[in-house]
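Note that chain A is present in both complexes that follow, paired respectively with chain B and with chain C.
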Partner chain A sequence: MSGVLKKFFGGESLFVNRFTNPTRQSLQVVLSQSTIGDIAEAQVYENNLCFQPGAYIASTPEIKLGVRWAGLASWFSGEGLFKLQASGQGTVFFGAYGGLTRKKINGDFIVDTGHLVAYESGMKMSVKMAGGLLGSITSGEGFVNKITGKGTIYLQSRSIDGLVQFLSSKV
Partner chain B sequence: MDIDIRYKPSFATIFLTLEPGESIIAESGAMIAMDAALTMKTEFNGGFFVRCIEKVFWW
Partner chain C sequence: MKIELLQQPDSTIARVTLNTGEEIVAEAGAMVAMSGYLQASTTLRQGKGGGIFGGLKRMIGGESLFLSVFRSPTPENTLFLAPKMLGDMLHYKMGASGLVVQAGSYLASTSDVNIDLGFQGFKSLFSGESIFWLDMGGHGDVLLSSFGAIYEVPVKGEYIVDTGHIVAFEKTLKFEITKPPGSWLSAFLGGEGLVCRFKGNGRLFCQTHNAPAFGQAVGSRLPPR
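So, the complex of A and B:
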């Protein structure tokens, strides 16, 4: 049940944990993610940052987290029907499967489905076929995600879906 | 707050040093180690259900 909820509602758990230092000395907390891959920190100010399901790890207390409707285009591109949006002012930590690339975009940019980790909320997404009808099948790319706008996006160099496909062909 | 992301890129892990009074919010299950004096409080993920249900039934 919680798995189903997670899948639909932005891939995040219903609960978060707040770690506070009530003492007079500095203390350490170690945080990580379950997949193998890079972790990045991003500053959020007036640019809201949207995350792919499961990417969010931690944030400073000034950050507000909300789940937003992401649209069918997002769902088709493997990013989930809902997205997690971080707003406010502060730092967000998020993780990826594989390496993380930060990229500034001005105009159109095409990302394979499942490789988009985070993007600024002003950007538009639309799903299209990688080539023609036949080309999309034979090229092995299938659907791709076209991002339009001006802002920063984060890409992951591997996708869990890709791993699942690779492994399921072996069993 | 001192931020140190180690073991990049494959096994990246966040080592945070919290100064007195500071706090951090983390996804449930993300914590792998911490100083025992830190307090941990579980909270509802801000307005989560309300917003989702809104979205589902208004759409």
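So, the complex of A and C:
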């Protein structure tokens, strides 16, 4: 049942593969993602890590994955209504379209829609317009995420929306 | 102001650190993330290359009508800027010579840099590329973006580049749009279209890929709207 939730609300596949090494020698597994871009690893212990739909790739077995309600603010800012949350202790791998930049936040920080890949839970998210109603339209930014609090976030340097925008003008 | 380019060369993003009172102008939509204390506003830009007319001219040049201005009221504020397409970025210091920028390659500049629309004449009308180029002057920092990687060519004498692969070049260079060397027939059959022939001394920046060509290659396979 939780797989179904993750599939439809967390943007992930219905089933996950579990790779176990039954031999005594070290074996390799190679993992990748569908988009062109960086893959990062993050350690999870006390801090839960939340992912935007589609960003999660793999995790060590002690990591628990759950689907959380992300809120209307998240949906307005072009992310999902639900988010995937990794808790427990271990390592998580996740990917992006373009480069991944890790950024520590203390205070207010603004991220354009479609560029936030992962963030530590405990920070407050709200959606706002980029610089007032007129400014929001004219700046081409539309809605932006406003993150308040202390923690780490991961940004992707490109967004799929940007590519889609470019290509749809060429059809 | 400190400008660092991260994630080079395939999906470059610029991290700009602004101190009190400093400001940077960027193409609309270029902001990826920023400190909540930065003041963002949009402008048609006053003065040279500014106003409604300047904005309209920029739009014809393939850029956005409006520009975003980011101003820092407090020290040490961070701003991340990136283009839409995968590729590299170039941090150019405006000096004595002006810079001619291919439409679409402009990303950001500091406030003492002038952006104007340069009409390069009918000679570029037949090149199949944009007729308009951005004509940049003044002094300060300029951030340019490319589709693919950027490579610099220090031109001394003559140099020929396909028109779709030019990012920018210094104004000390003269250029003409011409056919590739050889006969017209081989130029036509070779599929090169028209090329840009540069003359003089100066720096030329080229990109390894051509965004309109990529758009055509993918766009022609997408179902019509």
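Rule of thumb we're sticking to: the second predicted complex is superposed on the first by the 163 of 171 C-alpha atoms of A that agree within 3 Å, B and C clash if a C-alpha of one lies under 4 Å from a C-alpha of the other, contacts with A are read in each partner's own complex, and residues count from 1 in each chain.
The rule is simple: a residue touches a chain if its C-beta (ideal position, glycine included) is under 8 Å from a C-beta of that chain, and two chains touch if they have at least 3 such contacts.
Keep in mind that this is a model prediction, so the values were computed, not measured.
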Partners on chain A (chain B, chain C) - clash or fit | fit
Counting residues of chain A in contact, which comes out ahead: chain B or chain C?
-> B
When the two structures are overlaid on chain A, which partner does A:N106 contact: first (chain B), second (chain C), both, or neither?
-> neither
After lining up the shared chain so the two structures overlap, which partner does A:K146 touch, if you call chain B first and chain C second: first, second, both or neither?
-> second
Could you look at A:V16 and tell me whether it touches chain B, chain C, both or neither (first, second, both, neither)?
-> first
Write the angle, vertex at the C-alpha centre of chain A, between the C-alpha centres of chain B and chain C, to the nearest 10 degrees.
-> 120
Contacts of A:R158 with chain B and chain C, given as first, second, both or neither = second
Touching A:S59 in the superposition: chain B (first), chain C (second), both, neither?
-> first
Contacts of A:S26 with chain B and chain C, given as first, second, both or neither | first
With the two structures laid over each other on chain A, which partner does A:G37 touch: chain B (first), chain C (second), both, or neither?
-> both
Report, in whole Å, the shortest distance between any C-alpha atom of chain B and any C-alpha atom of chain C after the two complexes are superposed.
-> 6
Overlap of the chain B and chain C footprints on chain A, listed as residue numbers = 36-38, 99-100
Please name which positions on chain A make contact with chain B in the complex.
-> 9, 12-34, 36-41, 56-61, 63-69, 82, 91, 93, 95, 99-100
So in the complex, which bits of chain B are touching chain A?
-> 1-3, 5, 8-35, 37-49, 51-52, 55, 59
Which residues of chain A touch chain C in their complex?
-> 36-38, 98-101, 103, 107-112, 115-116, 130-131, 134-135, 138-141, 146, 148, 155, 157-159, 162-163, 165-171
Complex contacts: residues of chain C adjacent to chain A | 6-7, 10-13, 15, 28-29, 31-38, 40-42, 64-66, 68, 78, 80, 82, 84-86, 211, 215-216, 218-220, 222-225
